[in-house]
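Inspection log for the structure reproduced underneath, given as structure tokens.
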Amino acid sequence: MSDLTDLFIKLIPILPLLAAIANGLLGSRYSHEMAHRLAWGSVGLSFLCAISVFADILRTGTAHEVVAYQWIFGGDLTINLAYLVDPLTCVMLLVVTGVGFLIHVYSVGYMHGEPGFTRFFIYMNLFMVSMLLLVMGNNYVVLFIGWEGVGLCSYLLIGYYYDKVSAAKAATKAFVVNRIGDAGFLLAIFLIFVNFKTLDYTKVFAQVGQLSPEMATAIALCLLIGAVGKSAQLPLYTWLPDAMEGPTPVSALIHAATMVTAGVYMIVRNHVIFDLSPTAMEVVAFIGGGTALFAATIGLVQTDIKRVLAYSTVSQLGYMFLGCGIGAYTAAVFHLMTHAFFKALLFLSAGSVIHALSGEQDITKMGGLSKKIPWTYRLFLIGTIAIAGIPPLAGFWSKDEIMAHAFTHNHFLLYGIAAIGAFLTSFYMFRLTYLTFYGKSRLDHHTEAHVHESPLVMIGPLVALGFLSLVGGLLLGFPPEHGWLHQFLAPVVGSAGEHEVSTELVSTLMAVATSIAVIGWGLAHFMYQVSTPTANVWAEKFSGAYKTLLNKYYVDELYDAIIVEPIKRLGGLLDWFDRTVIDGLVRGVGQLTDWGSAGSTWVEKYIVYAGLNVIGYGNHLAAHEGRKVQSGMVHHYVALIVAGLFLLALVVQFFVQM
Amino acid sequence: MLEELTAGFPVLTCILFLPVLGAIVLWLFEDEDMVRTSALTITLLELALSVFVLLRFVPESAAMQFTERVRWIPALGISYHLGVDGISVLFVGLTAFLSVLVVIYSWDTIRHQVKLYMMCLLALETTTMGVFVSLDLILFFVFWELMLIPSYFLIKLWGGGAERHYAALKFVLYTLLGSVFMLVGIALLNINFHQWASLHHTDQSYSFDLLELLSAPIPMDQQILIFWLMFMGFAFKAPIFPFHTWLPDALMEGPIGMAVVLAGLKLGTFGFMRFSLPLLPDASQSDMVVTVVVVLGLCAILYGAWMALVQPDFRRLLAYSSISHLGFIVVGLFSLNYQGLQGSLLTMINLGFSTAGLFFIAGFLYSRQQSTQLSAFGGMAKQVPLLATFFLIIGLASIGLPGTNGFVGEFLILLGAFKAKWWFGAVAVLGVIFGAAYFLWYYERAMLGPVGKAVKQTMSDLQLREMVIAVSLSAMILWIGLYPSPFLRIMNGSVQALVDRLNHGTVAALGSSTTEKGR
Amino acid sequence: MVAVFFAYFALVSIAAGVLTVSLKNPVHCGLALLALLMHVSGLFVLLNAEFLWAVQVIVYAGAILVLYLFVLMLLNLKADERYFHASYPYFLGPALLGACYVIFLLIRSPYAGVKGDVPDAAVLEHGDTYAVGIKMFSDHLLQFEIIGVFLLGAIIGAIVLAKTPKSIDSMNGKE
Amino acid sequence: MGEYALLYILFAPFAGALALIMVSNRQPMLVRGIAASAAFVSLVASIYLFYAYDPVKGGFQFVQKFEWSRQLGISLHLGVDGIGTPLVLASSILLFTGIFVSWHIRDRAKEFYIWLLILAAATIGVFMSLDLFFLYFFYEMSVIPMYLLLGMWGSHTKRYLEMTDTEGLKQRDSVGFIFNFGSNSKEYAAMKLVLFLSAFAVAALMGILLIYKYAGLNTFDILVLREQAHLMNIPVLGTTLDKIIWVLVFFGFASIAPLWPLHSWSPVGHAAAPAATSMLHAGVLMKLGHFSIIRVAFEILPETTREMMPIAAVLCMFSIVYGGFVAFYAKDTKYVIGYSSSSHMGYVFLGMAALNYISLSGAIIYMFAHAMATGMLFAMAGWVYDQTHTRDLPSLGGLSNKMPFISGCFVVGCMASIGMPGTVNFIAEIMIIVGSWDKYPLQVIVAVLGIVLTMAYLFKMMRSLFYGPMNQQYSHAHDAVSTVDRLPLLVMIAVSVGFGIFPMHLYDVVRSGVDPLVARITHVVPVASEEGDRSTVKPEARADSSDTNPVSFSGDPPRRTPLVARGAE
Amino acid sequence: MVPLSAYVAVSAVLFMTGLLGVLIRRNFIIVLMSVEIMMNAANINLVAFSHYLESMAGQLTALFFIAVAAGEAAVGLAIIIVVFRGKVSTNVDEMNVLKW
């Protein structure tokens, strides 16, 4: 049985990979039918494998560690491509493959007729592979492979409509921002290796006790940078709203259900290290809380249906971080799961809406759709209620658990932040619902004529997700802190409830949370159903705040101004430096050679040559005069001979006398 | 059977001289197609021989294999000594592989003086091979210098740019300037050996042989001097920031084939690994050297990446990205630990696929648009999806995405650097971010978005020959990325030996008490 | 007695020499030269060199001088107006000074030398001609032969130079 | 031939010259044939000599001695050692190739060949003379034919030609004449060369005569003088005689080498000379200087040499850099090559100055190598000149399309000149560098920078000649296609590359000549190991002072010793 | 007894006279005649010394001198004739081709 499980574990990532390869190499040879069947079929099979593995784990309660092959090795470093399947992984596996499967199926309908149909499924399958590696890896490097792999696939899928400038830019932005996080993650990996001489989770966690608190803080913060990048937390969240340029199933799968939760998974996975560092935990919690509130406020005023959902995703991820930061790891994972259900549901429903409206995404141009696309409407509503945190739907249980944990563990400030965030969430989600499905239709006629309910292949997955959103919370997390999930995850994250709290307090907190959500709903109902002008009045009243929110606190502009532009400008400066100074030095040496040679030539011409020639010229002048002696007259010569003779005689006589 | 047949077969000599003999054969042909076919045949044969060497190479061993040694100038201790170990054997394969691709690439992109071009190319292959397989410093230097000649002509005669004469001369002079200093360094090594040998009354008085030089301890101050002299040679060739200015010029102005070889085969850093580190372990470990060189490497990483960010020309961008990658390699080398060295070595090989591959891509783009300027591109993915795909794959390898070869090398380098001093790694990691930024930004502007104005409407996607190049490169990239163990296994033994040598140093290892150890 | 002859021959030959140099008409010069030659031969007699005397008279006076006169007549030279060279005074003064100086030197020279093996008595015994002959054909035979060849060469040279050049004529195309 | 090899080598060209006198200029093939066969005989004999020379035995071999004047102690004493042998070979090769290079000379070809043969024969004579008188005799004899060769078959520079007659006259008679660099007539060049060299030769002659007189042995025989001449410690004019003699001999012969600043005759001479003459001139004539310094100063005055050679070490730097710079600037092909030659001779002086086995061997090999390299370059410059009738670099260009063979060979020539590995120049260069580092590190740095400079100007010239746009005026230029035209270049390339790859015998031969010489100068004798490997060097004085070592490091005090171990004093 | 110095003095005077003739006369033939005078002066010397030193060498040399003089006269006069044919003059001033 164990062998079979190992085989299944190995098969889980391979199946989508094979499908991707097949589609990639042969996709142009066969029909779209074949392509999408391969795609969702492989994911479905993976899902089945995951279930069987899950069953095995459930039965035996032991974690599986499977080595596929030795990957990088040499010296004291060995990195295997190996899988670790423990309960946490199992949960993630089920979510990833399950939701992934549903979304694949949905995509068949949604993407029907798109030009790059096969390409889409290749990317999706590759994404599944990467995501599975991410959650299944038994060491940090395999995690990192998946980590970067999902980033790449996210890049590819955001840039799916690559001929759109905004899509291309969003894709690049997503990748680069993620890379910043990845750099931090890499540093964390190095720190871990330097401290533990290994990168396997089990070995690292076994020796974690040796770690000094400072080092733990450093590792944890580096890990956090990675998580922040991937999970779109402050300050690296800006890529996620832009990522909505991708097709909607992508937004659902990657930017809501799975990839963005990788950060949470990573923190939970490394909770042992985080636990050693209260500072790091504080930071995680406040980043989470801050993001939850911050994103929620932006979500209040956005008009693009997918952007609202995107900000809500950011916000919900903030809750998960908050959960991690206060040690409520199970709650965080719980929220991760429920969020996967309802956010996928919401996105896919939104996709259905967009599909129905032939691509319209602006909610100010929608309205009154509840009659025209009833199924979509109903499912969307379920999702809204779930995210708003109204019992007994899924969102309530998980979110409430986090908030309760904060309260009971004396993080009152965080609790307050979370509560405000919950209120805002409820408000903007219902605002979204009202604007989309209620009131008068603001559609243009052309679009209105084509409004239609989505096909079964799209609605089917929606229904499944709707069901999960309805009951998922109750099934998994009831009663709070002691639900099935908590027991299942206990071997990994440890038991959360060290100090018992009274049921009264729990009940009170649940009631408070419910009422917050209901108030939010009520306000939305008032503003967008009862008294529609109120929203505009308020918007004008607080126009400064409104504009700030509408422009997302100008964060993108800020980043552009303080980071991107200076970098580009400095790049230009460096380019100038390279061309003038460094290259200039080289050219300068050449110039020096030129000058040297000119100088040497000058010396050669005016000193060496001229010096010699002066001697020659002096000779020449002397000869010019002296040659007059050579008159050509014989008697002159004779006279000279005679004179010479006399001279000789004189000389001889002189010497004789001496 | 095969082993019996091949025992004693001088395979390295064959590898070394096959291309140059081939070049002579080419001389006899007149027909251009015949020339191309023969060049391809020769390079393929060469590749086959190299693959044979790779297959027969005993991995996990530090020993020199396939050694051949003939006394050349015994009086000066110069010998014709060939051999490969884990450090160099991969380069042999890489050189042969790239040569095949370059010939394929040049098939229809080089239209004039085809014969001469192919001859130069083959000559270049021989000299490059020579650099990798020489175990005698003079022999090494011979090939090192001879390489300049075909390079010069390749850049000068077949370059595309208007400044190609300048670029060719700059390249050659720059490299020569470094190498003459290296020559002095080599001479000093020899003198040192002589000194040592005459004190110990050994038979061989002079030697340029790497293996013999390794046995002689070198005083610390002398080591430092020799190190910097050799550094000049290798750093100029590599090129290491700030000695890089010839590279953008040469790559911009030269033909793609030359650029592939220049950027793909990291001779300078190979030199460090082959000669500087083992011969001068104490100098290489001295604080000053490590700090200076690594800081230069770090500067190169950031500077190159930063420069690449703002380059509108793809080839210039690649040149700076090369500089950035070389920074990684240098940092890895001078981390002086196992991961750093291994990573550097692997990265050198990787760049042979990724950077060279990007140059091929640049060539593909050039042959379509007659330019590699950004202004000539925009939204090309619409028209040449395959090209865009391979562009992306190779590009991602160059920025070190996991799953591609780039990651394995870069990861090891960073790990090694971090192990050596944490801030080495911390600074180098920034290069990872910039790498993604400059590549993706360029890719976005060139390939994505709406179709650019300057882009020709009738543009064909990859031809068969281009497909062959792109697919084979991508295959190698993914192979090393996903299953690098054959490569790692080959290099492990030698890297381990190198690390051991660095740990012990020459002086201590040989038990000489005359000089102090470096640190 | 000898001194008187000596004085006569010496003075006349000097005078003839001066005339030779200074006369205007070349033929007169030739005649003065003849006088000089004759008187020099007389000096030879005083020195017991009878053979030389004969040679002097025959060769110089008889042959060479006649040759000069023939040439003079052949060329039919008239006397020039300015037969002295323009820079005559510049030469004359220093030359005379130099001459005096040389003569002064010569007169006060001791003239010591190794005595030969042919004293006057020996010459007078058989006569000068005999002595010359013996010496010439014993010790100085080679020089004698050389002189012979030299004379032959001179003759041929003179003929070659002086004969009418045919090639030039043919070049001119006439005669 | 055997023991008479030297006579064949020396007298074959003379005999050829004599035979040429007999034939008429109207039979050009006969003329060329005679010249070529004389050169060929000499070449074959030289090759035989080179390979028959026994480096193990060493010393002077193939010795021939003919008494010439017993009273004066002069005899025609011929013999070669390891230093002379390669130079004789180089001379023969250059003569042989030179004949073919000048194959197309029409104007008074016979006379040209006669003088060329005499020039080469005289040069060869110097290399094999073991008698100071005949050394000087041949030395002067080699200078005189240059006058005629330059004056009659030479060429004016372009700038000179551009001047009209009156201007030319004016130039000749005015101050302009003094600054005539770059615009010389061939007559000027010939005159300058001969006068300059003769003037300095007289200095050398004075040195030789002083040796003769003060040695008091009544002999000019070098072998006797070097054993028995004791010229030191004779005080003259406030110094010792040997120093005066050394200076006279050194500078007298260094003028032809040419050592900076005595070089100015040489580029002009090269530029004006016809190709074959330039080849012989730059290839071997200049080496007469180094050779004679070695023969006379090194052999007879070893102690003084050791003291005085630093002069050369200083001047050689100037030679290298200055020559390189001027070559970089020059606009005339032959000026470039000429100055490059004078720059490269600096390397030889550096090798000589360091005075140890390696560097001095390097210097000798460098002479041989440079002969081949510069011979090639001059031959090809001559070819280009014949085709285009100009040597003006700016007006040339793009000729590689017209003359692929020449341009290809030119590349090889340039590479050889630079000292690219694979050519024998490289071997020489590396030996000089290896040998000189200990004593003259600064000079070595200058020298290696000089290599870069060399590359710069040679590549610049190559580019201006063969690449870039072509001047249509020269479209009629054609390549060397016939065997006769290609043969000389191929021969020189083969020699250069052949010895570059297989330098063993050359090295052995040179080493056998250098070893005893250096031993005499430095008092360190080589001890051959059991295999006859003469590279092992052991200090003679090891027993006296344990720290004596021929090679030393800087900064390593216990082992620090000068490269040249001083004598006993 | 006439002293040797008397002969020598006579010879010197004659020689000077001839020399003057060579120097100052313009007619080529007269110049040649002056040369003859100088030769005779030399002959006197030779014979005188021969006599006083009791050696025949002087006389013999004088004899050869006479022969040489004959040859000289013949060749010289021939040259004069040749020159005269060209220039119709025997004026030495006009014969200055030795001048460079």
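Read from first to last, the chains carry the letters A, B, C, D and E; within each, the first residue is number 1.
Everything below uses one rule, namely that a contact is a pair of C-beta atoms (placed from the backbone, for glycine too) under 8 Å apart; a residue touches a chain by one contact, two chains touch by 3 or more.
If you're wondering where the values come from, they're calculated on a predicted model, not measured in any experiment.
Participant: Please give the intersection of the contact partners of chain A with those of chain B.
Facilitator: D
Participant: By raw count of C-beta pairs in contact, what's the busiest chain pair here?
Facilitator: C-E
Participant: Farthest from chain E in C-alpha centre terms, which chain would that be?
Facilitator: Computed centres place A farthest from chain E.
Participant: Between chain A and chain E, what's the gap in Å when you average each chain's C-alpha atoms?
Facilitator: Going by mean C-alpha positions, chain A sits 124 Å from chain E.
Participant: Measuring from the mean C-alpha position of chain B to the mean C-alpha position of chain C, what distance in angstrom results?
Facilitator: Distance between chain centres: 100 Å.
Participant: Roughly how far is chain C from chain E, going centre to centre by Cα mean, in whole Å?
Facilitator: 6
Participant: Can you check how far apart chain B and chain D are, centre to centre, with Cα atoms defining each centre and the answer in Å?
Facilitator: Spacing between the chain centres: roughly 41 Å.
Participant: Spell out, as numbers or ranges, the residues of chain D touching 2 or more other chains.
Facilitator: If we look for residues of chain D contacting two or more partner chains, we find 456.
Participant: Could you list the positions in chain E whose residues touch two or more of the other chains?
Facilitator: Within chain E, residues 19, 23-24, 93 contact more than one other chain.
Participant: Can you list every touching chain pair?
Facilitator: A-B, A-C, A-D, A-E, B-D, C-E
Participant: Provide the residue numbers of chain D that touch chain A in the complex, in ascending order.
Facilitator: Contacts found on chain D: 173, 177-182, 191-192, 195-196, 261, 263-264, 321-322, 324-330, 453, 456.
Participant: Which chain A residues qualify as touching chain B in the complex?
Facilitator: 69-77, 141, 144-145, 147-149, 152, 155, 159, 162-165, 167-169, 171-172, 175-176, 179-180, 182-183, 186-187, 189-191, 193-194, 567-568, 570-572, 574-575, 578, 582-583, 586
Participant: Sort out for me which residues of chain A touch chain D in the complex.
Facilitator: 593-594, 596-601, 603-606, 608-610, 612-614, 616-617, 620
Participant: Can you list the residues on chain C that touch chain A in the complex?
Facilitator: 85, 91, 94-95, 98, 101-102, 105
Participant: In the complex formed with chain D, which residues of chain B make contact?
Facilitator: So the residues of chain B touching chain D come out as 72-77, 138, 141-146, 148-149, 152-153, 156-157, 165, 169, 172-173, 176-177, 180-181, 183-184, 187-188, 190-192, 194-195, 198-199, 203, 205-206, 219, 221-222, 514-515.
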